[in-house]
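As written, the chains take the letters A, B, C and D, and residue 1 is the first residue of each chain.
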Amino acid sequence: MEKLRISLIGAGRVGKVHALSLKNNIPEAELVAVVDKDEEAAKRLAKEFELKMYFKDYREALNWGKFDAIIITTPTFTHKAIAVDAARVKKHIFCEKPMALNLKEADSMIQEAKGTKVKLQVGFMRRFDRGFLAAKEKVKEGSMGEPLLIKSIGRGPGLPPEWAWDIKKSSGMLAEVGSHDFDTLRWFAESEFDKIYAFAENYKCPQVKKKYLDFYDHAVVIARFQNGKLGMLDVGCPVGYGYDARMEVLGTEGVIFAGGIKDNQVTVCTKSSGAVSSIYNSWRDRFKDAYIDELRHFVGVIKRDEEPLVTGEDGKKVVEAVAAANKSIQIGQAVSLPL
Amino acid sequence: MEKLRISLIGAGRVGKVHALSLKNNIPEAELVAVVDKDEEAAKRLAKEFELKMYFKDYREALNWGKFDAIIITTPTFTHKAIAVDAARVKKHIFCEKPMALNLKEADSMIQEAKGTKVKLQVGFMRRFDRGFLAAKEKVKEGSMGEPLLIKSIGRGPGLPPEWAWDIKKSSGMLAEVGSHDFDTLRWFAESEFDKIYAFAENYKCPQVKKKYLDFYDHAVVIARFQNGKLGMLDVGCPVGYGYDARMEVLGTEGVIFAGGIKDNQVTVCTKSSGAVSSIYNSWRDRFKDAYIDELRHFVGVIKRDEEPLVTGEDGKKVVEAVAAANKSIQIGQAVSLPL
Amino acid sequence: MEKLRISLIGAGRVGKVHALSLKNNIPEAELVAVVDKDEEAAKRLAKEFELKMYFKDYREALNWGKFDAIIITTPTFTHKAIAVDAARVKKHIFCEKPMALNLKEADSMIQEAKGTKVKLQVGFMRRFDRGFLAAKEKVKEGSMGEPLLIKSIGRGPGLPPEWAWDIKKSSGMLAEVGSHDFDTLRWFAESEFDKIYAFAENYKCPQVKKKYLDFYDHAVVIARFQNGKLGMLDVGCPVGYGYDARMEVLGTEGVIFAGGIKDNQVTVCTKSSGAVSSIYNSWRDRFKDAYIDELRHFVGVIKRDEEPLVTGEDGKKVVEAVAAANKSIQIGQAVSLPL
Amino acid sequence: MEKLRISLIGAGRVGKVHALSLKNNIPEAELVAVVDKDEEAAKRLAKEFELKMYFKDYREALNWGKFDAIIITTPTFTHKAIAVDAARVKKHIFCEKPMALNLKEADSMIQEAKGTKVKLQVGFMRRFDRGFLAAKEKVKEGSMGEPLLIKSIGRGPGLPPEWAWDIKKSSGMLAEVGSHDFDTLRWFAESEFDKIYAFAENYKCPQVKKKYLDFYDHAVVIARFQNGKLGMLDVGCPVGYGYDARMEVLGTEGVIFAGGIKDNQVTVCTKSSGAVSSIYNSWRDRFKDAYIDELRHFVGVIKRDEEPLVTGEDGKKVVEAVAAANKSIQIGQAVSLPL
């Protein structure tokens, strides 16, 4: 069978993760080109992965056109233009989270993809994590009854790049990190957000706040869904210890936990140290398989002409929830949805 | 040394726990009398513990007077009268949580106790749990930096007695169960609540709601402290699995966990079951030692004439937080403190 | 009801643990006297626990005689004489492990106790640990099928006192520490040892070996029971980290674990440390409740005139297993039992 | 760069695992042919993986010769002939464990590979497991002092195929399953076996024993190394619960654990079930990454012309240890090495 040809738009950290997945783990697809505004970065990645082509501007890549799909890993504020232009020339789209800056952008992307019948998948890789999937499966089996309260934690060790500090370009930490948590809540609640309330604080980055007044690095959120279920999430970035993605579902008959800070590899115990278990240092370690599986899924749905498990609509709902949470932080009151 | 003589006011579940602690684990004190409106219950407990006296009305016990201190385990709405009357005749007071129905009641209790110089300790036994204490110690040591976010969970397997279903008599589930969680947040934040927001739902007790319109059995709360720290808590009662009291402190350099659902006894693993660990079925198992230790502390502070670690002021601050959370649930908006 | 009066023979570490249990946790008994060859130690303990009497020689205590039972916590080589003399004057006997130096001594103790109808309980406190008991219960319930292989670990942080270094006075580390492990194997196998093979090494105490040629501080043992079940155990003392008592039962349908190195209190996680859980530092922490429960059981069986759960026969079988293991270490071959 | 071409000898379960690794995860190599005595099996696998060629006899494949290396996954008693013949025509060799039936066979394989300068790697995939590697790294760092005692557990859910029931064709369960455990002991002891003692029982397969008198399905082993370190291992197959590969290293300053029965995915807790964690069902799940990594290593060492981390010598030492353990089971006494 023909390999699916993919162009990568964005040669940064997560871009490289996807390039590695394609090279090492997804033989049914191949990376053929890379695009980055920083042409040197594009060139380096192209060399490292032995790609045919690299470009400075995504439009050049679209003009060249010898590929079937794109993976967008550029800053949030660029997603909409790239996705819409790609859809117009019938390239399938895998778009990193957060999908877009606002609902209007998200709508454009969804409509354009629908109009030209290209696949649009959003990068909520936690939906492909074996632990989260197992939790979802357990909920479906009904072993813990009906879910009532869904909790999610998203914390990472480092600050995102500077463009993400500007809430206008990125929707802030709740979008950059918390998008996953909002998606997890919604995935398990099987309902839409009805009301959201959030507190946020800037604990660690006083210098950033000088430049970006709205900046916060920690936030806590409670939510109510239309079907009456409750949600809680907290995000923090940077946190002092590592990468931490956990969830918990309280149901009528029990409780389910997925994810954890320990990486299950080794425990060392001495008198002075206590029992020390190794932890996840980055999202790369924590979601190693999930990143591969989401891309394998993307390649698969294109080949089989199916709908992806994580659609543009899913991405849009999270954009909306983030917007509501950011508004709640600003006005100090609960915000009702839909916006 | 003379044994400290104690009368127990309230012959219910937690009353019996305290009676057992006094009998089996606190040789420096002795239970001498029990009071319960249900005279048969008082009589039975008196017989079981070989007590000299039992009474139907706490005022009879105060009139008799041959003891040094009381333990109040009656319904919340009775605490204030008993405590105030006891203080007036110079009996030291150990009062179960929640301390009182409202701030005014709490103030009366505190003032009366101060006026007659009797000790007043509130039953926040989690402050005596070795895990929670170890967490507090770790925070003090600074090993995880400055605390930023404190999270607490309080869930129990069964409904409290009917009087507690009436939010006017008990302040509801956030008071009955959540008092511990509010206290834990405040204990670790080392600050007073500034703002509280809560959602609540009645998932499991539709029949109760018919009679008590304000009733809820699950609630989620986010809080901000005056020093800028954040808090999150959720309570649920009844939950389907067991007794669950956990906490987590996110600090600038790391994270601390105390408590857990597994009781650390035994794990059984078979193909059909997976790896099954035993869990805590009730607060009696979970806080067995903490219940003993808080009473030992109470006896000790009286004998050494010191201040208890958990004062009437601590109890009052939680009464206030609960009131704010209940108000938030009713008005659908955040509530600022002090009330 | 009259309190059971107990004399403590041996004012050392474990003696003090038992004295504390009696004082704080077993109101139905009271410590009335203490005996120690080191008269100052006896006097100190008597003062601390407000005891009526203290003696230098256990025979003086027996002559005085105003008590019902004794607790023997002296060095192993003294157990037999004390127990036999006590039985002759009808004092019930709680004897620390190992019960005796050899089978002949153990037989004398058992026979004398039987002859005068006094209770004889051996200090295998692991049989009273809630985790080990839960494991035994799970095995009985049959949830993991028929037990096939029983494994036990016994490790402690410190060296025992010098008399225990001399294998002739103590039967060595397999007796001092490993007695518990042999007993656990036998308890779960529900059969008698058929064949034992052991390796031992002296890794940490080269200086001790100069004086006591047979000394070893680590040993590994495999065993076969008469009913065909297998056993494995390892003991080490001193080990570098803490107190470690764990067991595992492999059954036809599954596996059971009891015990662990983590004390279930608190986990701290930072980037530099990883996830650090607190551990048990000593047998006092690890088996805090079990020490109380075994003594409560002893007091109870005397009062109710029942057989203790851990009899002199149980003690003797472990003495025999230890002797077989020591012989195996010496001759380098497997040793068949009974000896 | 040219892809390394590999032929697979043996189209069974582990053969398919390696074929999948090559297809999905090791782009720098490709499977070109498969051999199986069961020609249909070879054909099926060839079709599934779109291979150019399939053969019934490995000699046909060697005659064809258009490949660089072979992976041997056939029954143990065939390893030597295949490896020797392959080495003679200069094909690199990856050989599943156990390497050979006896020392003589292992020697032939090693010598032939040395003579023709082909790589010879033995399939001890645990050496590539991230947990075991992390444990080895921690030992090297010295954080727990000098290793004294190494323990390993190897248990699987199902019986191996019938040829493996005959101890003469397979060296029994200690070879089939326990080879990994012997290798782990030796890897961490960094010394050669000096003395081995073993007990074995047939608990679950009475019908097998009728045909194969020496058959056992559970075994326990203790070992001493030339450098004085001790080892313990137990193997069981089939066990009732899942796949279980764990290890523990006791060092002078602490203890290290690697591996576990829980797969770290999800925990479900209900009143009736307790806290249930998911477990590993098979070696495929447990060592998913390790199987890929060992093959990636094999491909890498060929391309870079280096020595593999797990050599024929390593394989041979385990063959010797297994032979010693089997002899010990038969004669009922300890066996000294080298044989």
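Quick note on the criterion: a residue touches a chain if its C-beta (ideal position, glycine included) is under 8 Å from a C-beta of that chain, and two chains touch if they have at least 3 such contacts.
Just so it is clear, the structure is predicted and the values come from calculations on it, not from any experiment.
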item: Most remote chain, CA-based centroid, reference being chain B; value: D
item: Identified repeat of the A-B interface (over half of residue pairs identical), from B-C, A-D or C-D; value: C-D
item: Rounded Å distance, chain B centre to chain C centre (Cα mean); value: 39
item: Centre distance in Å when chain B and chain D are each reduced to the mean of their C-alpha atoms; value: 56
item: Junction residues of chain C - those touching two or more other chains; value: 144, 240-241, 253-255, 261-262, 269-271, 273, 278
item: Complex contact set, residues of chain B against chain C; value: 23-27, 130-131, 134-135, 138, 143-144, 253-258, 260, 262-271, 273, 278
item: Touching residues on chain B, where the partner in the complex is chain A; value: 144-145, 148-149, 151, 155, 195, 197-199, 201, 203-204, 218, 220-224, 228, 230-232, 234, 236, 239-241, 244, 250-255, 261, 332-334
item: Residue ranges of chain B in contact with chain D within the complex; value: 157, 240-242, 261-262, 269-271, 273-279, 281
